[in-house]
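Handing you this structure, nothing more for now.
Order of writing sets the labels: A, B, C, D and E. Residues in every chain begin at 1.
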Amino acid sequence: MPTFTSLDLQALLPQIVLVAWACMLLLVVVFNKDSSPVLAPFLTLLGLLATAFFVVLQIGLEVEAFGGMLVVDGFSIFINLLLILGGLLTVGLSYDYLQRMDLARGEYYALMLFSISGMMLMATASDLIVVFLALELLSIPLYVLAAFARPDIRSEEAGMKYFLLGAFASGFLLYGVALVYGATGSTAFNEIVASIAVGLEQPLYLVLGAGLILVGLGFKVAAVPFHMWTPDVYQGAPTSVTAFMALGAKAAGFAALLRIFLVIFPSISQQLTPVLLWITIATLIAGNLLAIAQNNVKRMLAYSSISHAGFILMAVVAYGSDAARFDVVASALFYLLAFAFASFGSWAVVMALEQREARGLEFSDYAGLGRTHRGLAIAMAIFMLSFTGVPPTLGFAGKFFLFRSVLEGGFVGLAIVGMLASLISAYYYLRLVVVMFMQDGEPLVHRERWLALTASGSAVATVLLFVFSEPLFGWAAQAVLKLF
Amino acid sequence: MTVDLILFFGLAAVAVSAAIAMLLSRNAVYSALFLILNFATVAVFFLLLGAPFIAMAQVTVYAGAIMVLFLFVIMLLGAEQVQERQKGGWQRPIAILLALVLIIETGYLIFGRGALSAVIEPAASNYASPQAIGETLFTDFLLPFEVTSVLLLVAMVGVIVLTKEERKKAD
Amino acid sequence: MDFILQPLNLVTFFPLLGVLALLFLKERKDLARWVALGASLITFGISLWVLSLFDSNNAELQLVVNRDWIQVAGWNIKYALGIDGLSVLLVLLTTFLAPVSILSTWNAVEDRVRDFMLFFLLLEVGMIGVFLAQDLFLFYIFWEFTLVPMYFLIGIWGGSQRMYAAIKFFLYTMAGSILMLLAILWLGINQGTFYVPDLVALGGIPGDVQYWLFLAFAAAFAIKVPMWPLHSWLPDAHVQAPTAGSVILAGVLLKMGTYGFLRFNLPMFPQAAVQLAPAMATLAVIGIIYGAIVSFSQKDVKKLVAYSSISHLGFVMLGLFALNAQGIEGAILQMVNHGISTGALFLIVGFIYERRHTRDLEEFGGLWQVMPVYAAITLIVSLSSMGLPGLNGFVGEFTILLGAWGAGQAGGSLGSIWYTVIAAFGVILAAVYILYMFQAMFLGPVTKKANEKLKDLSWRELAIIIPLLVLIFWIGLYPKPFFDLIHPTVEQFLTIFQNSTAALP
Amino acid sequence: MFNLVPWIVFLPVIGLLLNAAIGRRVGERGAALIAIAASTGAFVVSVLQFLALNAHPEGEVVSLGDWINIGVLQVPWAFRVDTLSVTMMLVVSSVGTLIHIYAAGYMHYDVRYKEDTASYARFFVYLNLFIAAMMILVSGDSYLMLFVGWEGVGLCSFLLIGFWYSRNPDGKFGTLNAQAAKKAFIANRVGDFGFLLAMMMIFWAFGSLNFDAVLPQAESVAPWIILFITLAMLLGVTGKSAQLPLYVWLPDAMAGPTPVSALIHAATMVTAGVYLVARSAPLFVAVPAAQTTVAVVGGLTALFAATIAVGQSDIKKVLAYSTVSQLGFMVAAVGMGAFVAGMFHLVTHAFFKALLFLGSGSVILALERAHHPIDGNGAHHAKPEAHAAHFDPQDMRGMGGLRQQIPLTFWVYLVGALALAGLPPLAGFFSKDEILTDALLANPFVYVLLTAAAFLTAFYMGRQVLLVFFGEARSNPAKKAVESPRVVTLPLVALAVLSIFGGLINLPGLHWFTDWLEHTLGHDLAHVTEFSLIVALLSTLLALGAIYLAWTLYGRQPLKADQTDPLKARLGALFVGMENKWWVDELYAWLIIQPYQRLAAFLANVVDWKFWHDWVHDSLIVNSFQWLARFLANPVDLGVIDGIANGLAATTTGLARGLSFFQTGFVRNYALVTFLGVVLMLGYLVFSS
Amino acid sequence: MVPVSYYFALSAILFTLGALGVLIRRNAIIIFMSVELMLNAANLLFVAFARSYEALNGQIYVFFVIAVAAAEVAVGLALIVAIFRSKQSIDIDEISSLKG
């Protein structure tokens, strides 16, 4: 058996392209320092598009590669495209912002590309050790990016906190992998499934391993009680990084979570479901309630991001139910997509208002936006409504689909908690809208083309894609996981 | 009690004491040294478990490279001692309590609910030779291996980004 | 193109054209006003065209637009619009009140006129959609969507407490609707469709489940109506909203709640409806009395009218849960009546507010002397609101009471005539608060200097209010055309309803 | 001919619309002419109906079109022409027209005294509206249509009582008139509540609201249902016809201009209740208990109101209470089944009570004109405020000796008073006598009540005439009073003639009116009451006695200015009670109005606002949210507790940290939370599975 | 003849001690070291299980983990150095400006 087949190449090609491109970008940056503020983002865009091209080429493929360590299936393709979309939007957000904030260094984009490659690997990984490595690959650049606004102490602090807690959490993940390995003798999904099918000597170790893996991934997606880093890091990190992190880390984390739980842990769903359930409920409640108390928009969005993790987790809770299994994936993916647009859009607005020294981020700084910058305010309002789940926005469709899988799984109580959570969330999202439209003020706003474009594009997409959500959801529904 | 067991308990005692000592040391340098001791002990365990290659890697990479880096930074920053105001905070007692609970849980797991039947015998000679490891590494585990290389590259870039003097100041 | 030109699509989405125009037009106040007025008038015209296409002998849904929308992954969501006797009047009411309200803002709204009109037209889309949607998913979209523009209308152009009121309005309504969303999902999953006629035809929901589903839907609708004791958002919203907002809020938005009961709760969960009818009627009756009593003690005219809505909608609810022809037809007509009368009352309050910038009853008195035309019109509207025979309010109230009385007879849904007796007592209390208001505003000598030089109604204001007066008299004297529109659908509805409750144990 | 009947409504409506549109432009004369023409037109149509009925006494139902049609509920706009309705039409339109004419003169002055000449046209708009509504009431073919008129006249009553809405009854600025109007409307609404209930019961018992479908079936429905219907209807009657306990609005209604008092609050509207009972005769007859109740209510009202009338000093108040009392007679009559007698009294009462009111109006006008003369242009010589002493032109204590100054008014007033007192051969004698005769046969208790009331009636009318027209003038204006113009006196004369000869329509023996109504009521219900000489003699003697008594008190030694009523000395506390209307208004205020206001204020301010609005929403929901949010953010604030433990120096920093939240910013805390989660989860997994 | 359970127990104790270090020490460097201890505990477990399965893959994982640990440490120490430059401290409790 050859160790590296064309099939393997085909499966890994997007990541290879991406990593190679990142390396090239590094070289370009090193030797072409002065042009990097413009050149690097341009090259990054190209690289992402090239990667997207190779991902698109994979559509329809459903293969295992590298002896089962890697799987390309509809699910991974969906997530990868979503991640690339996130990358593209991040570039749109970063271009002006980095220059404005004196952060325009080429390494930024390279690190971002590396991180995306880690995320994509995470979506395709089909072996726990690869998951672990992918997690580190996506995290380490993020740690650095969070601290990118050095020597701003807030940024450094964000990086430090993220790093410390991230390392702490990945310790748990690794230990969980070890336990799973101990229980089954392997870390490859296909072999784990096979040995579970044969019967385990000590299934409890598998359960505990799964629990610890949940800790590690829960940290990445910011699930309570592993969420504590989120607000501080979101607030301290450069906003473009925050935006990137908010979607990328979450999407990758959920990709791994979904794949791991749906592929290898269905048999122990009975034990895991209560854990997931309580984590979800805690996430929903804490995320939303804490968001109410915020006066800083970045922090508010951080908590909102926690709450959205809770919503997606709602779908995951039902993973053990046969009836709901397919909808779990589809609705979680769709929700991520809906979240992506609203999230990037809202960060774009935040960045348009952000001033140096972390000013311009309080709620009060948004007063009067509806009068002075109508388009921006309307866009922000649309994102807030999408977050709340009010039609006609993508966020509503996301919630609607999501709640079906919850109900199909039979979790009526959870559904009600989720509904209440979205009700609470309306309170703080609306607060921002109130401030923007109903209070008077003279907000300081940067008029930057790419930011405006990202914001308005996301806003239009949030509404229009809702109307035409059938193909999108259909696509998400076809993004099935390859099972063993 | 067999020799194996005596050896195990002896080494385990060393490892645990080293870890505890690391925790309790005032001076970061001492902590680092205790950690090295701990790592070395674990390396011995690796040997016992028939993993000579890993044991060597442990000693060279961990105890050697990584810990030296630690010590270097400690010295560089002059950060041997952080003034740990010993105050009756909640953090510490709760942490210790939780740690105890975790250990009890694990104990209950291991000795109460799910003892593993496997017993470790002295290793066969050809098990896990560096040669075998190398071969596996570059065939079956090609992908993670490559990923690791990227990871190290990224870490390198990250370190440069983080420690490079700001251009602005240089200008 | 054919699809777009479907009458119901046109009537629903035509205001969007106005929205688009407003989005790209320059910020010029008059232009924005005319564009909005034009759009709403054309929409009204289209709705009249729809009316002309509407066959009042046909009890079924008509002019149905039904096409697949989201048909993947087990979803069976349709884009379905349809009109029948239950909704035709409410659609007309909406399209009629919209231009009226827009006219009423001509001088009242000077700030961000373009945005105001934009939100207003969006609101109109939502409201019409609510009354036409025949797919639960689509319905929910319109239903929730109406919150957004209304929220802005209150929050930006409202009174001093507008933000509080806006958020409260939004949260209260949303609190109810999320429960309904769950119920909708349940239906979609278990019945395999969201299409309302199919759901009604399918039936077969077990009794206890029906009970919960009914309550979940009712949560949304009861808050919207609002039924006592869920009304706490209403005075805030009304008092703070700009005049046009109040008119639409009282005129149409509240009807969405009662309409929801009629369109969804009763036919889809007939058993539960019968079971819960006494409970709902009790709340309705409490609302009637409570609203009337509380109105009496208000010092703010707008608040008084707001509380009176609680009382009036109590009548509508009572009529619906009488579950007989008189009750339901009366309730539908009363929805329209309340829209007209209370809408007119809010306009009237708006007129005086524009002149005096206060709504405190103690600031008025003796206005009849100063503004006789205004007084006369107010008198007529007030009388309509308190149900004077010959005016519209009476026809609705009387038929409702009659229906409720019938439901109190043996075999009826309520089982006791006491509901009706108490509700009829509300008629007395209505006279008490309306006359109290009328006296405080118009009778007695002119005591405040500021009132001495007030101008009587302008031609524009007359143009706003007179169409409403015409309707007040028309419905009061000759409601037959209106009943004719309603009647066949209600008859058929009742037949189906009786079959489905009789078939089940 | 019958097809013309809708015009009895249309003509006044046209009149009112015309006046509403152009009334102010065509001047007083024009406005009055339009209104009078409309009213006369209605009268002519009524006469035509009368003639047509003579040819076809079975009458006809003229339908205009559908009104409310829902399932079995089919109510058309239909007019009923039969002898009963045409009787009412004739009374309403004839008296109405006369009063229109009268008002044309009266209001000319009144609007000037109230300084609001623009209201002249408005008055006639209301008056025509009233005629229209009253016509709907009497001609409607169904209970529902009757109810339209019923409420419509209530509205007119409201509008006309509050006609001088910015004044008090004494002419000063204030809200008392408006309040009186409101009181009338609300009291009527209470009655309407009963009527509504009755209608609903009727509909569900008979399946229809049309008279033709209901009345003939009365026997086939369970008696308790009929009892309910009739008692509920009685509540309506007590409201509209000012019976116990709802009569309180009628005396206050005198705040309206005098023609209004004559037309609405004496002759026509208030008799609607009597008409309703007569119309529903088959229902009442079906349940004797209901009949008795109605009769007793009527009898009690008759006596009760008569006692109050004795103690009044306001010329119109006396008449008002007299009206209440006389309505009691009618209600008692129809309650006892003496429908013809009741209707008969209704007709004659309309004549002489209208006469009395208009006469009193003429007296008031005479005094007003003497009090502040008006020049040829119709303008005041002086503002009312300029007069040092306020003068109440309605207070009988300020009158006296007027028969010299205004003889014509005196003579017609005397006719009216004697008719009311029931002296033969005036109209009142026959009708009242018929009622008393029936009462004696049907219900002796009621007979006693009514006879006592009749005695008091004669007494207070004697008192009034003596106080107003005899003796010496007790005030300046009374000395200078001037006779009213012809447009005012002419209707008085006409009504006087009717009051004298009105009794002829149902003379004992001829019983022409009985036969006329028999076409509608049927033979059983329209029985002929035999003339009873004993009853007639007794009542005549009593009346004469009462008049003599009045003379002994007020005629022999006429009242002096500022002298207290001689009756007060004789009756003492009893008279104080009469004077103060037995404190019924105060009782209602204490029993109903104030508690309601307090309840409303409590519900509105405390329950709804403080509790539901502020507390439940703002405190309970919002605050607990925020509290929970803060709690979650800061459950055990490590920083604070650390700080406190370390003494004051650290406390400040600790507090600074402590003010922040559970998100303390300390990584170690964050890690601890994570660790806590891990331990809990593992514990659960280890111990549960 | 040592049962795998013993190794598991040892590794669990070391892991817990590592975690405890993170929780109770304020010196950022020592916290990092504690994290390393946690990873090392996992390594021990991997090797022990690998031995019991007579399989190689467990050892290979350790190899990767060591590499990852190296990368992490490099980045982490760089962060510490960077922060030290700004704050002149590596007391983790002083890095707490972001909160709420």
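In this text, a contact is a pair of C-beta atoms (placed from the backbone, for glycine too) under 8 Å apart; a residue touches a chain by one contact, two chains touch by 3 or more.
Predicted model, so just to flag it, every value in this text is computed and none were measured.
Participant: Which neighbours does subunit C have in common with subunit E?
Facilitator: Touching subunit C as well as subunit E, we find A, D.
Participant: Taking each chain's centre as the mean of its CA atoms, which one is farthest from the centre of subunit A?
Facilitator: Computed centres place D farthest from subunit A.
Participant: Which chain pair racks up the highest number of C-beta contacts?
Facilitator: B-E
Participant: Could you work out how far the Cα centre of subunit B sits from that of subunit D, in whole Å?
Facilitator: 99
Participant: Between subunit D and subunit E, tell me the centre distance in angstrom, where each centre is the average of that chain's C-alpha atoms.
Facilitator: About 93 Å, centre to centre.
Participant: Could you give the separation in Å between the centres of subunit B and subunit E, each centre being the mean of its C-alpha atoms?
Facilitator: So the centre of subunit B lies 6 Å away from the centre of subunit E.
Participant: Rounded to a whole Å, what is the gap between the Cα centroids of subunit A and subunit E?
Facilitator: Each chain reduced to its C-alpha mean, subunit A and subunit E end up 26 Å apart.
Participant: Touching at least two other chains at once: which residues of subunit C meet that condition?
Facilitator: Residues of subunit C never touch two or more of the other chains.
Participant: Scan subunit B for residues touching two or more other chains and write them down.
Facilitator: 91, 95, 98, 102, 109, 113, 116, 140, 144, 148, 151, 154-155, 158, 162
Participant: Would you please write down the residue numbers of subunit D that are in contact with two or more other chains?
Facilitator: In subunit D, 633, 661, 663, 665-669, 671-672, 675-676, 678, 682, 686 touch at least two other chains.
Participant: Which of the chains touch, listed as pairs?
Facilitator: Pairs satisfying the touch definition: A-B, A-C, A-D, A-E, B-D, B-E, C-D, D-E.
Participant: Given the complex with subunit D, which residues does subunit E contribute to the contact?
Facilitator: The touching residues are 19, 22-24, 26, 92-93, 95-100.
Participant: Taking the complex as given, what residues does subunit B use to touch subunit D?
Facilitator: Touch list, subunit B to subunit D: 87-91, 94-95, 98, 101-102, 105, 108-109, 113.
Participant: Could you pull out which subunit E residues touch subunit B in their complex?
Facilitator: That would be residues 1-10, 12-14, 16-21, 23-27, 29-30, 32-34, 36-37, 40, 43-44, 47-48, 50-52, 54, 56-57, 59-60, 62-64, 66-75, 77-82, 84, 89-91 of subunit E.
Participant: Of all residues in subunit A, which touch subunit C in the complex?
Facilitator: Listed in rising order, the residues are 326-327, 330, 370-371, 374, 385, 388, 390-392, 396, 400-401, 403-404, 407-408, 412, 415-416, 419-420, 422-423, 426-427, 430-431, 433-434, 437-439, 469-470, 473-474, 476-477.
Participant: Of all residues in subunit D, which touch subunit A in the complex?
Facilitator: 625-626, 628-630, 632-633, 661, 663, 665, 667, 669-671, 673-674, 676-678, 681-682, 684-686, 688-689
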